[in-house]
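In this document, chain identifiers A, B, C and D correspond to the written order of the chains, with residue numbering beginning at 1 in each.
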Amino acid sequence: MSDAAVLLVHADSDREYLRAPGEELQTDLGVLTVPEAPRPGETIETHLGETFAVRRLRGPDLFNHFERTGAPMMPRDIGLVIGHTGAQSGDRVLDAGTGTGVLSGYLGRLGAEVTTYERDAEFAEVARGNMALAGVADRVDVRTGDVLEDLEDLAGGEFDLLTLDTADAAAVVERAPDLLTNGGYCAVYAPFVEDARRAEEAARGAGLLGVETLETIQRELHVDDRGTRPSTAGVGHTGYLTFGRRG
Amino acid sequence: MSDAAVLLVHADSDREYLRAPGEELQTDLGVLTVPEAPRPGETIETHLGETFAVRRLRGPDLFNHFERTGAPMMPRDIGLVIGHTGAQSGDRVLDAGTGTGVLSGYLGRLGAEVTTYERDAEFAEVARGNMALAGVADRVDVRTGDVLEDLEDLAGGEFDLLTLDTADAAAVVERAPDLLTNGGYCAVYAPFVEDARRAEEAARGAGLLGVETLETIQRELHVDDRGTRPSTAGVGHTGYLTFGRRG
Amino acid sequence: MSDAAVLLVHADSDREYLRAPGEELQTDLGVLTVPEAPRPGETIETHLGETFAVRRLRGPDLFNHFERTGAPMMPRDIGLVIGHTGAQSGDRVLDAGTGTGVLSGYLGRLGAEVTTYERDAEFAEVARGNMALAGVADRVDVRTGDVLEDLEDLAGGEFDLLTLDTADAAAVVERAPDLLTNGGYCAVYAPFVEDARRAEEAARGAGLLGVETLETIQRELHVDDRGTRPSTAGVGHTGYLTFGRRG
Amino acid sequence: MSDAAVLLVHADSDREYLRAPGEELQTDLGVLTVPEAPRPGETIETHLGETFAVRRLRGPDLFNHFERTGAPMMPRDIGLVIGHTGAQSGDRVLDAGTGTGVLSGYLGRLGAEVTTYERDAEFAEVARGNMALAGVADRVDVRTGDVLEDLEDLAGGEFDLLTLDTADAAAVVERAPDLLTNGGYCAVYAPFVEDARRAEEAARGAGLLGVETLETIQRELHVDDRGTRPSTAGVGHTGYLTFGRRG
């Protein structure tokens, strides 16, 4: 994870930018060049005298600052995938579809080796740039194409984790026993209940253990002088998560 | 993470055991000795001819098989901590109180270096055994004592992450700016809303950024021939999670 | 609503019984006869000297004490039907299927005239007894049969409210414009999401206005000396509610 | 409930107005006068030839069209109060604070006699106008003042139901046993958890039975060709509801 981008945080506002070492930042606050070896906590001035603090990159920054090619998976759902599957350093992960690549970036940064499929060539190219920013280009292999067409080659790959965020996830889940190592997990993210049901049925049909589909509602607690209450704004649905494990 | 325990899964039932390499498993199914270098997928027989499959250890196994000294944090909440803070390989983490050590075990297994405080000496000893089982004894330092008494020494430690699951978490949060590196996160787990409020107020008072307290409701989706619906059993409250980040 | 049963509450326990005026109560606490005109607040003694207080019957008592022929709709869902449709005194209501009759009993007790269909003759008979206990036998007409077969006769009935708790609710919803008066509401209770979807599609197809399907999660707040938190027990799913209104 | 306003619904848009019999409606669509005895379903033309349909007034119309003096209680929460307390025709209800009067209007329209207190004289005057529109002016007595000052006079009033939506509800709950008839219910609506806790403690302290505080989360189901899912928009918190019953 060398050469990851750093977060540049403006001292006098809440503006933040993600830039790689050696890159230039050009905004109305002036121009600055990120040092080749930026240290967290140091400050850098633009030619207009505006100060930016350097922060080490972390997962939520990927969500907030990656170039987007669609609605990326949110930190909460990425966290749930990690918590329910125990994604860990050294894991071999097969992922489809990449999208913006926030999940792949998180997994790379916790030390997993990720092979991820994205059908859209332009999206894949953006995701590759995002992986470079996240400092995980050497750990995350973004492949342009349809994972379904490569399943024969991938079978026997002994993946520890299979993460799927595609409309036809169920078709991959059917093959999970060929793809996963013993005790390896499969996780499917599906916005619609019909797709979640298909994933659950495919996981059961494939003989995975501990199959369950979870729905998560998260609300912010609002705290002020009058008292404490859940936010009146509400937090909406993101997706169902279906999990199963190879026996 | 060498020498982690492996999961032994009985071929003909859903019984599972966590045992370290070289350890003996004695049950009514017979006796077996785990090889010094067990390989995931291999099978081992007891002297009574019962077969167990070897699986590589993963996070949820820590929750299911660690010796418990209280109600451990659940995989879902551990995942949310990881997702919302971007816990990653190489992180320096300060944690209190250890309890059963499931959170520390997860963090160790994704490559973080964890210093964790547990006031109860017996609980700390159990947690040390659990860390050995998880193969992270070299990464997780379980200290017996009260983190509040060590704050002077810990200040300037440049921790990337502060995780707190103690009744007096707010008192530690007040010192978060001295403990965290720039851009580092603080996460508090609190079952009661009053404690969550105190944590949120302490985080705001300490000048942390992006302070928010989240409540998470998770339900299992029930799928059968009649249709699909959320479980009628319900999933109860675990705890509020309060997050903040050092600027 | 004369002659409704009263609730008899044992003075020294939490035991309660629903009995009509003039009826006898025989339990291990002794025998008593309910007066012909019981007054709320008065006490009655059994021949063994045990004291019961008389309470006026209210909606939740119907749920707790009616003879059951299945899982009745819960007070919360009945309340939501009333709140979202404005069920009121003088309403003409068409209901199917009756089941235990708790919804019909509530509607009768707020002054509506209810025609309700139950296919199972035994269930219908039990429901008629329940309506008598609730004091609404003159307002709630429990018909044995399938509402779908009577739709021709019911059309033009100018109902203010249509309440459906049957597997084939969507087929009735299609006819809602013929059954409802202008501004009248249709409400469907469906445990499964597929049935709720069918109801929503039928309501839209029939040209009803303000069509919406709502899912309700209710949790009890747990209050003790340590603090306040949602119950760890959880409250499960009951059913989706789909509403629409004739323009 | 004679002389209630009717809902006037524009034939070619979703515009609706609430007007009493004999009243004039003046908009950019022209002028019309509501007949003295409007019949649901009939149509009325403005002098510009725009057509309005007459609908009988129902509860949700009170919420949508009453003149507001603050955020009124929502139909869902009104429904929950009715469902959990069994509010019914003939009930004697004591309510505080009136606010816009939507709860009082609903209760009046299901046949209850309501005495409601509003401290703000202007708000009370608006509420009286709203009760007239709802056709329940003869059933809902809107009193200007603080219910706490009248508790001595109200004690012994044998109310069937006590509904409280004020910051100092707990002080009234303490007196609930003096106000309620046997078996009568108390319901408190409180946006903040601290106030809900105070209400629950007051209800327990007063010896009420079946005391519980409920939190309700309601989401709309989104249905389209791609599938079915809970709304991504989210529905926010409204208030906690605390219930108790006099033994």
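Just so it is clear, a residue touches a chain if its C-beta (ideal position, glycine included) is under 8 Å from a C-beta of that chain, and two chains touch if they have at least 3 such contacts.
Here the structure is a predicted model, which means the values were calculated and not measured.
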| item | value |
| --- | --- |
| Chain B to chain D, fewest steps along touching chains | 2 |
| Gap in Å, rounded to a whole number, between the CA centres of chain B and chain A | 21 |
| Centroid spacing, where centroids are CA-atom means, of chain A and chain C in whole angstrom | 48 |
| Contacts with two or more other chains, residues of chain A listed in rising order | 193, 215, 217, 219, 228, 230 |
| Chain contact graph, described as a line, ring, star, complete graph or other shape | ring |
| Residue numbers on chain C that touch chain D, as the complex places them | 1, 7, 9, 14, 40-41, 53-56, 58-62, 74-90, 106, 109-111, 160, 181-183, 185, 193, 196-197, 200-201, 209, 212-221, 223, 228, 230, 240, 247 |
| Chain C residues within the chain B interface of the complex | 191-195, 215, 217, 219, 226-238 |
